[in-house]
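Below, subunit A partners subunit B and then partners subunit C, in two separate complexes.
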Partner chain A sequence: MPSRILLPLVIVLALAAPFLTANTYFHHLMVLWMLFSLLALSLNVIIGYIGELSFGHAAFFGIGAYTAALIGMNFGLAGIPGLVLAAIVAGLFGFVIGYVSLRIVGPQFAILTLGFGSIIYTITNYWVDLTRGPMGISNIQPLGLWGEGGPALTGARGYYYLTLFLVIAFAYACHALLNSRTGRAFIATRENAPLAASLGIDVFRIKLLGFVVATAVAGVAGGVYAHYLTVITPDVMSLQYVAALIIMVIVGGRGTIAGPIIGALIYVALLEALRALGPLRLVIFAALLTASVIFLPGGIVSLWRRITGEDTRPREAAE
Partner chain B sequence: MSETPILAVSGLTKAFGGLTAVKDVDLVLNKGEILGVIGPNGAGKTTFFNVIAGSMPPTAGTVHFKGTDCTGMRSDRMARLGMTRTFQITSLFPALSVIENVRAATYRFTRTGWMGSLLRSGAWRDEEAGVDRAAMEALEFVDLAHRADVNAEALSYGEQRRLEIAIAIAAKPDLLLLDEPAAGMNPEEGQRLVGMIRGIRDTGISILLVEHHMRVVMGVCDRVAVIDHGIKIADGTPADVVNNPDVIRVYLGREAVNA
Partner chain C sequence: MDYIVLAQQIANGLVNGMTYVLIATGLTLVFSVLHIINFAHGEFYMLGAFFTYFAAKLLGVDYISAAVIATLAVAALGVLANRLFFWPLRKEHEFTILLSSLGLALLLTNGGELLFGADPKYVDSPFADSIVQAGQLVVTQQRVLIFVVGAVILLALNLFIRHSRMGKMMRATAQNPEGAALTGVNIRQVYTVTFVLACGLAALAGALVGPTAMIFPTVGSWAVLKGFIVVILGGLGSIPGALIGGLSLGVIEALAGGYISLGFAQAIGYAIIIIVLLWRPQGLFGIARRT
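Showing the complex of A and B:
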């Protein structure tokens, strides 16, 4: 019962939050939280639902960011068409990489994604003609509706509402997925692939579907990110972001919907709170991941279940 | 035979390098029949089973299911055609609840996927209700309805084996392959299993049973095939097979038969 009241309350709070302060830096942090939430939710489809670990997720985020930036720069389509293309291009990369990688599973798959991620990162760094190399792309236009001219989204508050909308929409899509035949096939594949196959589930296709959806959504997040910051460099694909995303999903609670969003909040909040510590923060995040895996394998959300005794994973997830 | 047999195996051979585990086996399973495949340890029963179920392609021979050639077809495609199996070693979705285990099995006959669920369509609603109903029915059949919300890993061994059967029948197959379902069961549980297998057949599902629990095989099968060293040496009613001198020599001779 508490979660029935909780969900509308959280949404109302999220809608009202930007008006609690006029501090634009606070708004900026909220946008980052939502962007990371969207990314963590998409990675959660891979880690939490199909049960594979991907070290390449930041690369798809980067592909989306670069697609949107280049489309905006070269064709003046800095808007919804750019975001759709970012999703399509990232999803296509996801399809090709998933198609060759998902035939093997477990640690080997994780290592392959690490390899592909590094390749994409390196290409982005060195293909100067297209990507301008390590300098990155700057002066990316703000997000318009259908491209240049017409209304454009500026200011952190606007981007916050856009990203909040995307997070809510994708969270709902995940919820709907889990309550469908397709979602049951995801979970069955994660839990016991041979048994899933014996029930008629095409394990490879299901994994590929999950991978493509996850990478396409990461592409959208990348596109919004590029328009919001107006500057991108190949660093968005670096291992630091890969690690950050995995930490968000696992510390928050893989296989759940609230988990990755809470994980993203913890990441953004700690990054700010510990700013004085500089690079030492990464050590703290690593420690957090280790502690979570040992003491809270279900992530932060599993605490909720321990406290209230309410099952937070109705059809959603296991440990 | 007027009706197409549900399963027709002909000349089935499976070799692993120099070892021929199954050699030129012919077997026919008619609709509504319970067919047992027995044989001493290492006779090739499990290989035979795995080749039919699509886990491994045969070296030679064909497998026809409901008249369709499905030799060497992958197990998920076999399942979609209507053939489901259980595993020799208990195979469940351990971290999911009992009811979720069975719900996953309805994949075969459900149609509305993610889109229907996103839009909360009427078809999706109806189908989800049907899924819940089918899952509960399967659980009631194996007498596990009262354990629906427990995690599968928390069940006792006997309950887990029953849950496997619930999963297999919730898929509503035409043919059910049971791989040593009585393994590790005590005589009382074995008797219960016999009743359950008959009940499954009464719902119109044909059954192929690989087993070496004699009491179970003799008690439930309409027909029994005996495999020894990969070769079928007998095929007939349980009474015929028990009296077949070859069978007595290679298999039954070694232990007292109590059919």
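Showing the complex of A and C:
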């Protein structure tokens, strides 16, 4: 079982990584990687465990970001209360939208979430009184413990450790979930919903539960993102980010825990490596994505299985 | 209440709605026949508009010929897109195909930005500045053209699918691909024809709308979004649904923009769709897979 040695090694490496270099830009990229990992892991709950494709996930990220920013600005509660509220608000939106959309499945669900995502994006763009419209919100204060005063997180290194902690905590939660009764209900629902229902699983409730958890975590990621970058615009909810998140999950490997984290790394690293190419960058990126989807449908994680012969894929549907 | 203004809003809404219908028909056709959700569909709309622009500029032909050339060229590109991105994946999971089309969409948008430049362009049309007057209603000729061409094309498409041999083969494939293949339907040909029709329809919409609005390489994501909204409203895979859904979305948006708030017109359009979906989750004319 190599993962018994591998996992602590990876965690130690991740903890030591910021001290390998004093380059703050490198630290910035590490924070982005962790933020996207958290988002991709949350989307993975929907894509990998429930087995539905959501095109509205960036909207919940945006809701979290705007909630945290507005709470910080209007009530001076930038910090843990802001993040908790970001999770609650994003989760509430997730509950309402999930309640409506999860009644249908497959492609219809994907498009319906895309529609909801666009509504939230449009409203954010036009509700200038609340969100300042396309200008976005700037000068968001750094993340403190409890509002202003007291210790506040500054610098990329601090945010890196915060996001790393969140990623490890959520990854562990996903792992624990998959080995629990509820987790098995998730997998049963994904594999064969009618059969799962016949075993007494409330399919709709299980799906809704997964959807709400995923959106609430996306809200937390949004809150941290807003405090870290200090600027947010409605663009964080645009189709570009939706596509990016889905790319991370699928290219990394859906239904696994390592997959979305690797996918996020590839996304951040590849865009950085191709930065010198200017506008050609996204063309190459799109070509790589398409090629990886066509030639490696199981994601990068499936390469590991091909090399070692170990079954890392948790009971995938044989379509 | 001012009835002239109301009638004018409805007329404008119907014209906008017809462009939505043209976009959505291709989407819904590809879904109903091949069970593919094509995220790159909007990019063919974008290409249609840009090809019209460049055909008129570089070849020096008039607007009508440029639009026809652009439509045919994009329809030919549809063959290529099918051979490279869709046909090889026909046996894969539906997520894989969806992502492949998302990759194609990103490729075309960013490639378009690279080739055409990111600055907005206007397509010149002799019909854009002259008007048609009916009573007190005023509509530009271009908008009349959009509506008439849209209606004629949809009628022709309907006849083609109902009565031609290929149309029957497409309907058979939609019902059961394996069964159709067993009775001698050439599935490969059905794929090709479906994509040619869908991409051609999207390009035609782009070529028609080009003179009434600015065009830019990222317009494809707007188009595909509108297409999807219409398709959800009407029901995925239903052509009458696309027609009713598109026209109603156009009219709803025009009325909301005219009487409530221009900025929120789109959001109000979406909100009405959600109300419809609460009542019928599968769309007005759709048949949903339910759990």
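Things to note:
The rule is simple: the second predicted complex is superposed on the first by the 309 of 319 C-alpha atoms of A that agree within 3 Å, B and C clash if a C-alpha of one lies under 4 Å from a C-alpha of the other, contacts with A are read in each partner's own complex, and residues count from 1 in each chain.
The working rule: a residue touches a chain if its C-beta (ideal position, glycine included) is under 8 Å from a C-beta of that chain, and two chains touch if they have at least 3 such contacts.
What you see is a predicted model, and the numbers here were worked out from it, not measured in a lab.
In the superposed pair of complexes, A:76 makes contact with neither subunit B nor subunit C. Contacts of A:285 after superposition: subunit C is touched, whereas subunit B is not reached.
Of the two partners subunit B and subunit C, it is C that touches the larger number of subunit A residues. When both complexes are overlaid on chain A, the residue A:185 reaches subunit B alone and has no touch with subunit C. Within the superposed three-chain model, A:194 lies in touch with subunit B and with subunit C [touch as defined at top]. Of the two partner chains, neither subunit B nor subunit C is touched by A:158. When both complexes are overlaid on chain A, the residue A:203 reaches subunit B and subunit C alike. Residues 194, 197, 203, 319 of subunit A touch subunit B in one complex and subunit C in the other.
Per the touch definition, subunit C reaches subunit A in the complex via residues 31, 35, 37, 85, 88-89, 92-96, 98-100, 102-107, 110-111, 113-114, 221, 225, 228-229, 231-232, 236, 263-264, 266-267, 270-271, 273-274, 277-278, 281-283, 286, 288-291.
Those residues of subunit A whose C-beta lies close enough to touch subunit B in the complex are 172-173, 176-177, 179-185, 187-188, 191-192, 194-203, 315, 318-319. Across the interface of their complex, subunit A is touched by residues 53, 55, 74-77, 79-80, 84-85, 87, 91-96, 100, 103-108, 110-114, 116-118, 120, 124, 127-128, 131, 167, 171 of subunit B. Residues of subunit A that touch subunit C in their complex: 47, 53, 100, 103-108, 110-112, 114-116, 118-119, 122-123, 126, 193-194, 197, 203-204, 207, 239, 243, 246-247, 250, 254, 279-280, 282-283, 285-287, 289-290, 293-294, 297, 317, 319.
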